[in-house]
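In the two complexes that follow, subunit A is the common piece, with subunit B as its partner first and subunit C second.
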Partner chain A sequence: MSLTDVWVSFPYLIMVGGTLVLMIGVSIVRTHAIALGLTLLTLVFALAALDIGWDHIPAEGYVLFSITRMTGIQVFFNVLFLLGAIVTALFAYSYFDSRAKRCEEFYILLLTATTGAMVLAAATHFASFILGLEILSISLYAMIAYPRDARHPLEAAAKYLVLSAVASTAILMGMALIYAATGTMAFAEINQAAAGGEQSYYLLGQALICVGIAFKLSLVPFHMWTPDVYQGAPAVVTGYVATVSKGAVIAMLVRYVHANDMLSHDGVFYAVAFVAVASMIVGNLLALMQTNLKRLLAYSSIAHLGYLLVAVLVVQTARPELVMETVLIYVVAYFAITLAAFGLVSLTTEAAADETEFLESYTGLFWRNPLLASVLTAVALALAGIPLTVGFIAKFYVFASGVEGAAWALVWALVIGSAIGIYYYLRIVYTLVKEVKPGTVAMAQSSTTGTVAVTVLGIAIVVLGVYPTPLIDAVRTIVQNSGF
Partner chain B sequence: MTILSLILFLLGAGLVACLAERIHANAPRWISLVAFGIATGWVLLLWLSGSDAETGFYAAESLAWIPTLGINVILKMDGLSLMLVGLTTVLGIIAVVSSWSEIDENHGFFQFNILWVMAGVVGVFCAYDLFLFFFFWEVMLIPMYFLIAIWGHEDRSYAAMKFFLFTQVSGLLMLVAIVALVWVNYANTGVITFAYEALLNAEMSDTVSALLMFGFFLAFITKLPSVPVHTWLPDAHTQAPTAGSVILAGILLKTGGYGLIRFAVPLFEEASRDFALVAMILGVASILYGGYMAYSQSDFKRLVAYSSIAHMGFILVGVYAFNELGMQGAIVTMIAHGFSTAALFMMAGSLQERLHTREMSKMGGLWLKAPRMGAMTMFFVIASVGMPGLGNFIGEFLVLIGAFKVNVPITVLATIGIVVAAVYGLSLMQRSFQGEPNPQVAAMSDFGFREMSVFAIMIAALVWIGVYPQHVLDLAQPTLDALGVAL
Partner chain C sequence: MPPTEHVLILALLLFCVGAVGVLVRRNIIFILISLEFMMNACALVFVAAGAKWGQPDGQIMFLLILALAAAEVAVALGIVIQMARRFGTLDVDAVSGLRE
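Let's turn to the complex of A and B:
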């Protein structure tokens, strides 16, 4: 193990070390604030270590332990995961402080899940792929079920456990088949080895892996679990599931698709394109009927991953740099918007025993709590992809990729999906500005940490929407200076 | 940085107005009024200081925005933009005054929205970068949505949603067309740029050109609006508060006409020429259908709303006549209609405030009770009908002459539209202000100084355009010359 190995793997070491320290710390003193402090410290140190480690990564990437490779893009994703974890920790503090009796273990799970996401993003081999995925998923089961006295989280966790395990099994079976056909498990070698191998095994294996990934990303027709789990899980955990866990799978997917040229096979391409179109249309259509904000956001996230898939699909026809830029910018926007959305849900429901997640309970929020209502307006407009918000910049990039890749059918689906979307996003905005009905339950006074986090996210959504140049420049520099 | 400062000034005034509500309930209105006053003075100064001799622009500026994608803040103001920006700021004053006593809740946020719509519209009229144009195009929708959804009448939720959906969806198609245009140009030249002047020379095949033109065309005729994408307008206008209707009819509709003249036609000249007949037929259909529908309304405001569709049809006919007279006529119509319809919507608002109804069956003989209101309505109905000596006549007459050179049957049908206008205009007058006084109407207050002063502004503007249209024609001429359309 060389010194560079240590530098590059430093963020991972800190995450694992921090988890251990937190575990020991919790067993000595149970203080919520200390647990939060240790978590934040670990995450911030990991961020710093990423920065240091980046200096040691050459442009083409650095192969770590032969099953992962770190490039600028992985560093970028890891930064996002860590930031997402920090925001989640801040929300979780105010959320659990008033609810759960023992909240300290939540942060251990948060750290292990984030570590899993970081491993998954760097994977170049089936071994690291499944390792990262399972560290992430298993932590998530426990996080979803964390308020263990409540019925909904337990139900959601059980659903997620069963279905997610099925998806993992499909992925494992797919890996086995591909290994049988090609004799290799490294992403980059599969394609070449498959040329001489047994095609039917190979395609079946790819199909099974696609199914598993589609499940994890909650793409249609593997989306059934999403609304139930999003609704049942505590809002902070939902935010985390929707962002970090999906972001990690996307990071892996982009590399996987790029490394083994999977989409150059017509059958696979059309299957994935079908999934993308179905996600955009079905996700938006189902969101139309929702009266529950969490379910609405669940369906909307299905549609958004469909949009993102458009960029992944044109990897053959558009410039790879543009595709990668689109994915990174979209993921940044999606993280900011989604975290803000679920953060708001968790903030507004703090004091209530049950989550007031129905859209109706937000009626007239604009006149009751202008700050939170403004952020929620920004979130809704950003999800709809309307200018002044970072959501527009992200959607603009997807349009640009689609047009450059000449994927007109996908662009049409994107237009139709967005058009349907506007309807229910505007309904959120309209609910906020309606006059308050007499007798409406007062919104809970929200906590400081959470309010600050939400406000910062809201400002980021607007500032990056009006002046996206720093984000675009940063992403472009990373994409141009690193191999995939 | 004149234009950018003007936009930022309006945005800033909006924020100040919003916060000033805490100091005094009346403060937002005054801030908004003063802001529009200053902005109008600003535009007037720009006009008086004259245009740059070389470029013909009254102001031009550019600022890096997203340079990596070839997107910059390029704002330029030629004669056409100057006129429309002037119309915007003047109608801003009128919108504020017209809602002076109508709005009794959340003044601060109301004025904030008015100022932000106007800032967005100024941006639309001056943007010379397609991305920036689209940005402003969408930005002006959100405050407008709030104006209708919060302060509108009984069916506001539906109307606001319909308005937003129509414009937003057609806007998405325009966005696809913009991106495709930029990428076509990129494929030819290797440069990604959204600059209007660079894209004017983009080369593309006829099919591509026709498709992209259609994307722009659809967005603009939805905003204009023209048959068959007009259905949002009657609802939005009827449900919006008075200030909202004034802004919608006075200015937002004009962004559609402006877009056709500035973007759809010059960017895709050949395709537009091939498409001209269809566009003119749509225009005539709007004139006749709008007139027919206007006549069948019993709601004062809805009648005016449908009459807007008819008047906007003239713009479509004028622009696609593809000659100087037609274009000039379309531009004059845009300005004149801005004033005349704003006045009629303001009248509808005043009536609703006094009678709590817009139904003309509950009016009748109002002239006796409010002679000043009657006289004002009479004037603007006559103006909108197309009485010689007033602005609307000049516009529609020029359009008809222009169209006559190109297509006689269409011109004949459009002329019939003017007759229809007289029918519904006079019927409006008769049903509301003339005839037997309606016994159900108790005493009602007449216009005071505040209302009369803004009506005086609008009368002056219409008479000015009607008697001496040369100012408007001269201002628009360089724009038409620059279009390079073989007029």
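Let's turn to the complex of A and C:
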């Protein structure tokens, strides 16, 4: 192990070390504020370590322990995961402070889940792929079930546990079959090795891996778990599942498809294209009927992952730099919007015993809490992809990639899906400004840490939409100066 | 050493048995056992493939799967205990309450 190894793996070491310190800390003093402080400290140190480690990463990437490779893109994703975890920790403080009796262990799970996401994003080998995925998923089961006294989180955790474990085993079986057919488990080598080997096992393996990934990304037709889990999980955890866990899988997926040229096989391409189109259309159609804000956001996230898949699909036909740029900008936008959305749900329901997640209870929020209502308006408009929000920039990028890759059917599905989406996103805005009916549930006044976090996210959504140049420049520099 | 093909067929059969078990069983403990079937089928393929290629990688993956299965089952049983305490049943249909 060389000194460069240490520098590049420093963020991971800090995350693991921070988890251990927090674990011991919680067993000595049980104070919610100290647990939050240690968590934030770990996450901020890891961010600093990423910055230091980046100086040691050459342009073509740095191979770490032969099963992961760090490039600028991985550093970018890791920064996003850490920021997502910081925001989640801030929301969790407001959310659990008033609800759970013992809330300190939640932060341990948050740190391990984030570590898993960081490993998954850097994976170049099946071993690191499955290891990162499982560290992430197993932490998530416990995070979803965290409020032990409530009924819905437990049910959601049981559902997520079974379905996510089935998806993991499908991925494992796929890996095993590919290994049996090719004799290698490195992403970049399996394609060449498969050319001379048994194609049937190889293709069955790829299909199983695709199914498992589609499950994890909740793409149609593997989306059945999403609304139930999103609704049942505590809102802070839902935000984390929707952003960091999916972002990590996307980071891995882009590298996987790019490295092994999987989509150049016609059958695989059309299957994945079908999944993307189905997600965009079905996700948006099912969201039309929802009266529950969390379920609405669940269907909306199905559609958004469908949009993102368009960019992944054109990885062979469009310029890879443009595809990577699209994915990074889309993920940034999706993180900001989704974290703000679920943060809002968690804030508005703080004092209530059960969550006031029905759209109805947000009636006239503008006249009661203008700040939160403005942020929710920005979120709804950004999800719809209205100009002057970051959602528009992201959608424009996907559109541009689709056009450059000449994937016209996908571009049409994107347009139709977005058009359907506008209806229910605008319904949220309409609900917010409606007159307050007598007898609607009064919403609790929310606490400071969460409100600050949600306001910052809301400002980011608008500012990055009005003036996106710094973000685009930063992403472009990273993409052009680093190999995949 | 039996031919790799035979082991692969056996493993795929085991995998299907597990998958069917997850789908038809209503008791969460049996669902978890079925999941264990599926995981071990994967492990079997890895070991057979490792032997076929003469590499230790397959067996390393087997150990990795063992560890992952143990971690998963530890969390799963925690959730099962909570379910039993809270709902008084392990039937997944009886527990299901999240609806549109």
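As a convention for this text, the second predicted complex is superposed on the first by the 484 of 484 C-alpha atoms of A that agree within 3 Å, B and C clash if a C-alpha of one lies under 4 Å from a C-alpha of the other, contacts with A are read in each partner's own complex, and residues count from 1 in each chain.
Definition applied: a contact is a pair of C-beta atoms (placed from the backbone, for glycine too) under 8 Å apart; a residue touches a chain by one contact, two chains touch by 3 or more.
Since this is a predicted model, take the numbers as computed values, not measurements.
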{"item": "Subunit C versus subunit B on the shared subunit A, clash or fit after superposition", "value": "fit"}
{"item": "Which partner reaches more residues of subunit A (counting touched residues only), subunit B or subunit C", "value": "C"}
{"item": "Which superposed partner A:V79 touches (first subunit B, second subunit C, both, neither)", "value": "neither"}
{"item": "Partner chain(s) touched by A:D473 [first = subunit B, second = subunit C, both, neither]", "value": "first"}
{"item": "Partner chain in contact with A:A271 - subunit B first, subunit C second, else both or neither", "value": "neither"}
{"item": "Contacts of A:A193 with subunit B and subunit C, given as first, second, both or neither", "value": "neither"}
{"item": "Degrees between the directions from subunit A toward subunit B and toward subunit C, using C-alpha centres, nearest 10", "value": "140"}
{"item": "First, second, both or neither for A:E404, with subunit B first and subunit C second", "value": "first"}
{"item": "Contacts of A:V166 with subunit B and subunit C, given as first, second, both or neither", "value": "second"}
{"item": "Minimum C-alpha separation between subunit B and subunit C after superposing on chain A, in Å", "value": "24"}
{"item": "Subunit A residues contacted in one complex by subunit B, in the other by subunit C", "value": "none"}
{"item": "Residue ranges of subunit A touching subunit B (in the complex, touch as defined)", "value": "367, 381, 386-388, 392, 396, 399-400, 403-404, 411, 415, 418-419, 422-423, 426-427, 429-430, 433, 467-469, 472-473, 476"}
{"item": "Subunit A contact footprint on subunit C (complex, rising order)", "value": "4, 8, 11, 15, 18-19, 22, 28, 31, 35, 38-39, 41-43, 45-46, 48-50, 52-53, 55, 57-58, 60-61, 64-65, 68, 71-72, 75-76, 78-80, 82-83, 86, 92, 95-98, 100"}
{"item": "Subunit C-touching residues of subunit A, taken from the complex the two chains share", "value": "126-127, 130-131, 134, 138, 141-142, 145, 148, 151-152, 154-159, 161-162, 165-166, 168-169, 172-173, 175-177, 179-180, 183, 185, 201, 227-228, 231-232, 289-290, 292, 295"}
{"item": "Residues on subunit B engaged by subunit A in the complex (per definition of touch)", "value": "64-69, 106, 134-135, 138-139, 141-142, 145-146, 149-150, 157, 160-161, 164-165, 168-169, 172-173, 175-176, 179-180, 183"}
